[in-house]
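What follows is a pair of complexes built around subunit A, which joins subunit B in one and subunit C in the other.
And now, the complex of A and B:
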């Protein structure tokens, strides 16, 4: 026994430090979520100090769930945004990785260009997309729609074809800051940013694929789709699981893109809702934080199972 | 140059009498033009007094978040903070910031009465205004003339709508009215509240019960949504000050109702000004705002901080900006002191000055029977940022057509009601 005691003793400080590192913020959040705690109050100054005498049980949770605005919208949107981005990045990432896995002139440059969106900072990404590309007046979106309308209007003057083009509608550019569209703007810009990450991971694992097996499959007369379906995809199962897991962790906590696109109008998630409460109501913000931890854990359980299964095979 | 030097020696005298040499002050500022300029102008202050200044320049929303949490918890990161009219009276009441008293040379009565009222609590000044603003109509005179319409001071909303309709020409990329739609209490919330004020609506009744379900609010918001969706640019729900300024400078807007400070950034020479439209309501239809400087309570450098604020918000500071080689009379901060408007050199470069002054003078932040709370385009209570945020999102939803005006106002009313009862008002 003594030969195991020393290493354990030496590990203890690190383990205690790690425990404190995790436990202190979490238990403070838990504590604040059960008391009345606001930054400033004209009516009830006693609520501005975090104290046990302001205990209110599940009151904050009740407020967040049933009285305050947008809790369920935030949960739905969190899941909608994360799952849409996951599907889009994995599909696009697979397709691009397969494409650039072939040899062609300029492959090095193409790969570098492909990876580069990943190095743009999230806030910069959002500002660029929403102002220069998606803006319905000054952005590419508005300019392109204007140009199409002008071309169609010009074609209407042609003798025979004109009648056909006069049936075409005048297009309206989509406003990506609107209530119904802002979540899509976030999905588009985050997908643009994170597809390179998926490409990078898939590209490296494609290079470890067994070429002899592929050649044998070709000799056996398997077509490209069946080679992809039966050889490449199983080979990529593990990297796909890793991409899905890492991205879920990152995208559950999206904030900058939501703030810049529409300030939470139609596209808020749980972190954004917490941010709204922190302007004064720390108790409600903490209760929402606990919900966010629970949601992240539910997602993590599913993901770990999936990844775990893949790693076992 | 002579005045410039007097300013510095005066400031030096104040600073030396209160602090030892080599004091360092950390100042949190909002990244607006006037504040950025102050960093350069204040180099002379450091040279004369030896007070070293560390600037932390932040975007408006981030600044509010940082400064609020730091001040609320007594963090002590900053010696001087930039706050606005929403914060000053309630933070003063909570004892978060120090009361400000300056010497006779400072001439506190020169500060515009509306500004003093908005930055005070119980008659004590808690923040000194660095610059102030109201809102007004800015419109393209050439387009209005071509369309044969005019916009008068305090015109009726119906006339303004008719003018917007006459200037509206989307096929040529010109939109009749550019107005704020981006969610936020300081964004679309500020503008819509001024429209609502002019329709006779108020945020709360005298028991602080939210009134967003009133007929006046309904009429005001219906008018706003109708005006902007008929004659506004596409994507208005994403536009606030900076976005509209970009559109206006691309010659895409007919009329714009926004902060008076915008006038100094407009590049088109054909701009004319008018006082905001009103249906004859005494609260008026223009807003009132000041970016001001305050000292967090318990700051160890409180005396040196107050000395700096006294210099930076003085008449002499205005002269120092005008005399600075990089700036001049076009760059002086406005809206804070009556004396600035009497300076001929300033009048010569600022053709919007008279309209700005009139707008500021007509706005009253004090509580009245009609509006039983402090504030014009906001309410000076700690819960308002949260309420105004929820309201702004609902208004953007109404503007983008995802909700009817009635549903959006009902949702905003429910949110405001929940927040107010949670905060213990009733």
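And now, the complex of A and C:
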């Protein structure tokens, strides 16, 4: 009877495709990471083709770790950006989900408005935010700061209050393309895009919360905060874990946002660093790629432990 | 069950107003983009014309001239549609097998599939470029973009379909088996009609992800198969000169997808969370 064989046959194409997708490029990356391989070298033309005779052992890894700049900056920045976005989206998402969980007029529209950013193309998101919103001269950032300054300047002419307002400084709009600020621009735009995702998940989960339990807690005199801490938060533990997992997968490989905001100026993550190496030194790019795979795996093991248990029920 | 309303009258006004305010703030960048697309490039950068200006359709009319919008849009449609179809063709049988004939390894296979999503694209981009350029000669073709889009979304497609199929009572499929329906018949005549909503929203979500994908499509294409993501990335530094035009192109690129997203927001949750959140 083909009872057991056929189902296995049906999932074979998917398994084989994903296996190839994972193994073929990954083993090539592994190979390239152990040889000298540059795209342009007049001095050593033999290095411009991948070949076993250019074997370098762990030389590329050593180079990336100890000689090349920016590796540790990229690792730190990757983690900084991912964790900031995670904290911001989860906290904001929780607050907003609680807010729209009650019934009020126009709730459906509020929900649709709130969720929309999630569907915006990342490239559009980055171009829109950095040029039209965060830009200190042409964006709303500059216009808003200008308006505040003007208002304050106007208030200075006021009889009594004027003395108070003349103590206010004239504000300068922040440029988000700078070395020390561009990471924040990325965090802001990605948080804008992914908070809706957290809201969507938490909102759905809140709807299945046990209302009777809540009523009982209210009758027992529990205040809103302790109801949230002891009932709602435990109820949301799993959705929070899922939001953290899915977002980590997506944000560890952020690229477009970083390139569009600052071209990596002071704000690289691992994918961006790999992109930079790829313009010439493929060996170093591949070694960095292997480091990125290791980092992703550490995060993945950690995350799958967190949610994996009850994934199937 | 009737719930008692404990909200004070202050709260009954305050919270909805807060919710509306925040929702409008969140939507504002999108509104601003659409709004700017009706300004001329000159008006778009003048602070004094923030809200008073003569609306114009010029940006939309000029889209073809300035940006070759239609070529990119056509490529986006072709690649997203075919990649979604391919993902479903591969994904439906796999999810069917896993949901109705699970083996000891099914759970591991599902988790492994998910983990392929965690492989950083940057780590394997160069080999992919090398392979497709030097050996397969498929670089910058629709074929390549379709395959890649299909593969990066396949884990999520299978994951979603599995969740929907699991909700169908096993007995219905078994009854079909008793009546001597073939496996293909089971999928086509029983499973898909029963899980139609799930299959449709999976397709919709997969289409959205394909449409918005930037990393691979930008780097594996030059001109022939380039999609809207590439068009947007190519115009990323307009230095304020072309805000109007850029907004129009951006609006045309994300508009349809945002509207699609509104329709499938509910199903999205179930699929994206492995059904763990109901």
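Simple rule for what comes next: the second predicted complex is superposed on the first by the 286 of 313 C-alpha atoms of A that agree within 3 Å, B and C clash if a C-alpha of one lies under 4 Å from a C-alpha of the other, contacts with A are read in each partner's own complex, and residues count from 1 in each chain.
As a convention for this text, contacts are C-beta pairs under 8 Å (C-beta built on N, C-alpha and C of every residue); 3 or more make two chains touch, one makes a residue touch a chain.
Computed from a prediction, not measured in an experiment: that's the story for all the values here.
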Touched partner set for A:114, first subunit B, second subunit C, both or neither: second
First, second, both or neither for A:177, with subunit B first and subunit C second: first
Which superposed partner A:156 touches (first subunit B, second subunit C, both, neither): neither
If touched residues of subunit A are counted for subunit B and for subunit C, the larger one: C
Touching partner for A:126 - first (subunit B), second (subunit C), both, neither: second
Partner chain(s) touched by A:238 [first = subunit B, second = subunit C, both, neither]: second
Which of subunit B and subunit C A:227 touches, first, second, both or neither: neither
Which of subunit B and subunit C A:136 touches, first, second, both or neither: first
Set of subunit A residues, in rising order, touched by both subunit B and subunit C: 135, 137-138, 142, 146, 278
In the complex, subunit A residues that touch subunit B: 38-45, 47-48, 63, 67-70, 130, 135-138, 142, 146, 172-173, 175-181, 259, 261-266, 276-281, 284
Subunit B - residues contacting subunit A, complex: 61, 65, 68-69, 72, 90-91, 93-94, 96, 173, 182-184, 187, 233-238, 246-247, 250, 252, 381-383, 385-386, 389-390, 392-393, 396-397, 400-403, 411, 414-415, 418-419, 422-425
Touching residues (chain side subunit A, partner subunit C) in the complex: 3-4, 6-8, 10-11, 13-15, 17-18, 21-22, 24-26, 28-29, 32, 96, 99-100, 102, 104-107, 109-124, 126-129, 131-133, 135, 137-138, 140, 142-143, 146, 192, 195-197, 200-201, 204-205, 208, 211-212, 215, 218, 238-239, 242, 246, 249, 252-253, 255-256, 260, 270-272, 274-275, 278, 282, 285-286, 288-290, 292-293, 295-297, 299-300, 304, 307-308, 310-312
Parts of subunit C lying in touch with subunit A, wherever the complex brings them together: 1, 3-4, 6-7, 12, 15-16, 18-20, 22-24, 26-27, 29-30, 32-33, 36, 45, 47, 50, 90-91, 93-94, 96-98, 100-101, 103, 107, 109-111, 113-128, 130-131, 151, 154-155, 158, 183, 208, 211-212, 214-215, 218, 228-229, 232-233, 235-238, 240, 243, 246-247, 250, 253-254, 257-258, 260-262, 265-266, 268-270, 272-274, 276-278
